[in-house]
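Okay, so chain A shows up in both of these, paired with chain B first and chain C after.
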Partner chain A sequence: MSSTELTDVVGDYAAESAVLTTVRHMLVEVIGEDYALAVDIDMDTSFNRDLELESIEFVTLSAKLREHYGNTVNFAAFLGDKEVAEVAELTVGELVTYISGCVARD
Partner chain B sequence: MSRILFVVPPLAGHVLPTVALGQELAERGHDVAWVGHTEVACRLLPPELTLFPAERPGSETWLTETYERSRGLRGPAAFQFLWKDFLVPLAGRMIAGVEAAVHEFGADLLVVDQQALAGALIARKHRLPWITSATTSAELTNPFTMVPKFGEWVRAQLDELQRAQGIRSDDAALGDLRFSEHLVLAYTTESFVGMNATVPSQCVFVGPSLGKRVESGDYDWDWLDPRRQHVLVSMGTIDRENNGRFLNTVVEAVAPLAHRVQVSIAAAPGLIERSPDHVRVREFVPQLDLLKHSAAVVCHGGHNTVCESLANGLPLVVAPIRDDQPIIAEQVVASGVGRRVHFGRVRPAELREAILSVLDQPGYRAAAEQIQSSFADAGGTVTAADHVEKLL
Partner chain C sequence: MTEVHANNLRFHVQRLSNSDPGSADDRPTVLFLHGLVVDNLSSLYLTLATTTADLGAHTICYDQRGHGRSERPATGYTLNDSVADLSALITALDVRGPVHLVGNSYGGLLALAYAAEHPDRAAGLLLIEPVVPSEGWGDRVVETLSIARTGAYDDRLRHLKGRKWDNLTKQFLGLFHETSLLADMAAERPFTPERFAAVEAPVHALFGSESDLLPDASLLQKHLPHFELTVLEGQSHMMLTQASGQVREQLRTWLS
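Let's turn to the complex of A and B:
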C-alpha cells in the first residue's frame, strides 16, 4: 500500500467516524436519551432489532438528515431501493457508509 | 335462500367480524357455515353453527411453531414473516380443506377474510362469487411510501400463489387476492381511515361488525367503583407472552392513580409481577361489556380493539407492536382520538401522562364520539349483510 493510499484509507475512516457521530446523535434524539443510554449505537447496530425504530421514526430521521446534509444525502432514495429482507436487517453502518459516500462525492 | 361459506384464518380477530355477519345472514334465512381452524374458531362460534376443518388434524403443531417463531419480531422483520412464513404457506395448507368444505356444503358464495388467501384461490378456481372481509383497514391504505418495494414484494408473492395453484390466467388477471373483484367489506369508516386511502371502487365502508358476540369469562362487576374512571388494557391475543415489559410499565404508570382510576388488564398469567388493588389482571375479559363501563382504552392498535373502543366513543392510548398496528395507530393519532406511545421504549411517567391526557382533555373523547357516530351511521353488521345479499 502506498502512502497516498494509506492517507486515503485513514481519511475515509475519519470521515466515516464523523458521520457515525452525527447519525448517533440524531438517533439519540429520535429514540430519546434515557432509552439510548441502554443501547450502544455502533456500526453493527440494527435499526429494527436493536433500536426498534418504527416507520414514523424513520420519517423523523429522514428529516434530520435533510436538515443536516441538505440535498447531498437522499435518504428516501437509499431506503426506497431496499428489498424487504434488506430493510429488516438494515444496520447503522450501512447508512453511515452510504452517507460517507454521498459526502465524499459532493 | 343461499348457502354462504365463510373462510377464516386461525386468528381470533379475523373470525369475529364474520361471526356477527354470519349470524345476521342466518337470521335472514340463509344457510351459513365456516371453514377454519377448529382450535381457534370453535370457541368463537356459537355451538349451533357449522364449522368445517380447514386442515387435517395435527395442524396445531405447525401453527404453534409458527407463532413461536414469530414472537418478538417487529417492523419489517414481522412484515416479512407475516407474508412469507405465515399467510402464503397457510394458503397452501388450507386449500384442500376449503375445497372440501365448498363441495360438502354446496356453497353459492364465499366470504373470505383478507388473510385467508385459500378462500380467494378456491373462489377463482371454481368461478364462485366471493367477498373480501377486510378485518383491518391497513391494506386499504398505502403504508409503503418510504419502502415502495414492500408493496411490490407482496403483490409478486400473490401473483406467484395464483400461478402455483393453477388459476387460469384470465381469472388471475381479475386481480390481487386481497381484494375481491365483486365486493370488499371494510369494517371501518372513511372518517377514521382518512381521506388519503386508495380504496378500490368495489369497497364499502360498513363500520365495525360487532353483532352478537359470544363473550368468554364473567367479570367481578361489583368491583367497579362508579366514582372512579375505568381504563381497559388489552394487548391482543397473539403477542400475549411478549408483553411483559409493557404491561409492567402500565402497572407502574397507573400505580399513583388509585384515587381516580381502576384498571382492568387482559394478560396471560405470570406476566405481571405485582398489581395494586385498583388493578385487576385477568386472562380473558368480556371486552365488549367492559368497554361500556370504561373511560379510556390502552391497547396495541389491533383493528378490532380500536374500533370496538371507538364504537363506544372511548379515547385510546396505542402502543403498536407490529403488522397493521402502526398503521392503525397513525389513524388514531390523525383522527385525534388518542395518543401513540412506543411499545418497546415507553417509560411509566410518559405512559401516565398519555393516559391522563386522553382521560382529561375533552378533545380526545369528542373526536372519539365523532368516529362513534360515523360507525353508527355506517350500519355495521346489518349494512354488511345488505351488501352481501345484493350479490346473491
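Let's turn to the complex of A and C:
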C-alpha cells in the first residue's frame, strides 16, 4: 500500500468515525438519553431490533441529518426505493457509510 | 422537528424541498395526508414523500391533530375540522398555487373534502385506498378502528412490542379516551351528490382488489366529474406499506 493510499484509508476512517459520532449524538436526542444509554450505538446497531426506532423517530432523525448536512446528503436517494420493512432493517453503519460517501464526493 | 401554528394548534410538519414553496417558480407542491389513529406522517414520508421531492416537487407532510408529534386537543375531529386544519396550514406555510394532494385512507377522504370546499386550490388528487363518504362511513371508521386496536387489522402492528407498541398504544388510547374523535366520526354524514360534484380537480384513486373498500369506488365513479380508478391486484387496504413500490410507480405517473 502506498502512502497516498494509506492516507486515503485513514482519511475515510476518520470521516466515517466523525459521521458516526454525529449520528450517535442525533440518535440520543431522538430516542432520549434514558433509553439510548442502555444501547451501545455502533456501526452494527440495527435501528429496528436494537434501538426499536419508530417510523416517526426515523423521520425526526432524517430531518436532523438534512439540517446538518443540507444538500450534500440526498436522503431521497438513500431511502430511494426501499420498502418500509427494508428501512426498518437498516443499520447505523449503512447510514453512516452512505453519508460518508456523500460528504467525500462533495 | 418543524412546528407550525395553524387553526390555533401546533402541528408537526416536515418539508422535503430546499426552497420556499411560496417563491416564484413553477414546481408543483405535493401535500401528503395520512390515515386515522394508527398512522402519522411517517408512513407517507418513508414511502412516497422522498419520491416527489426527488421529482422536484415541493413536498409537505404533517401530522394531523391528535396524531404523531402534533398537538392533541380534546375536540375538533370532524372531517370539517380536518379540512379547516389543512386549509389553515396551507396558508401558514405560504403555499400559493394550487396543491397536489396525496391521501391515504382517511387522508384520501380529507383530500376529497378539501377539494370540494376549495376547488380553486386543488390541482389534482391521488387517493390511496380512500375512505369513501357513503352512507354510514363514520360508523364504519369507528368499527375499523376498534378492530385495529386489537392489532388484528394490520400485520405490522402485531410484530410491534416494547417501546414502539407502548407509543402507538399511547396515541391510540389518547385519541380513543381523551378526545371526541370516535363521537365525531360516528356523527358524520355521507357526501351529497352536490358535494362530490364540487370537486373540480381530477381524482385518481387506487384500490386493492382484496380491499373491503373497493365496492365503494363505484360511488366515486358515479359522482366525481373527473375520476380515474386503478385496482391493484392482490392488494388490500394496507397497500401503502405492503406494496410501496407499486404505489410509488402510480405516484410517479400521476405527478408527471
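Operating definition for what follows: the second predicted complex is superposed on the first by the 101 of 106 C-alpha atoms of A that agree within 3 Å, B and C clash if a C-alpha of one lies under 4 Å from a C-alpha of the other, contacts with A are read in each partner's own complex, and residues count from 1 in each chain.
In this section, contacts are C-beta pairs under 8 Å (C-beta built on N, C-alpha and C of every residue); 3 or more make two chains touch, one makes a residue touch a chain.
These numbers come from a predicted model, not from an experiment.
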item: Fit or clash between chain C and chain B when superposed on chain A; value: clash
item: Which of chain B and chain C A:54 touches, first, second, both or neither; value: both
item: Chain B versus chain C as contact partner of A:92, first or second or both or neither; value: neither
item: Partner chain(s) touched by A:83 [first = chain B, second = chain C, both, neither]; value: both
item: Partner with the higher number of touched chain A residues, chain C or chain B; value: B
item: First, second, both or neither for A:35, with chain B first and chain C second; value: both
item: Superposition clash, chain B versus chain C, among 26-34, 44-52 or 206-214; value: 206-214
item: Set intersection of chain A contacts, chain C complex versus chain B complex; value: 35, 52, 54-56, 58-59, 76, 79-81, 83-84, 87
item: List of chain C residues in touch with chain A within their complex; value: 1-2, 14, 16, 18, 40-43, 45-47, 50-51, 53-54, 63, 68-69, 156, 162-164, 167-168, 241, 244-245, 248
item: List of chain A residues in touch with chain B within their complex; value: 31-32, 34-35, 48-49, 52-56, 58-59, 62, 76, 79-85, 87-88
item: Contact footprint of chain A on chain B as seen in their complex; value: 74-77, 79-80, 143, 146-150, 153, 320, 326, 330, 342-345, 347
item: Contact set on chain A toward chain C in their complex; value: 35, 52, 54-56, 58-60, 63, 71, 75-77, 79-81, 83-84, 87
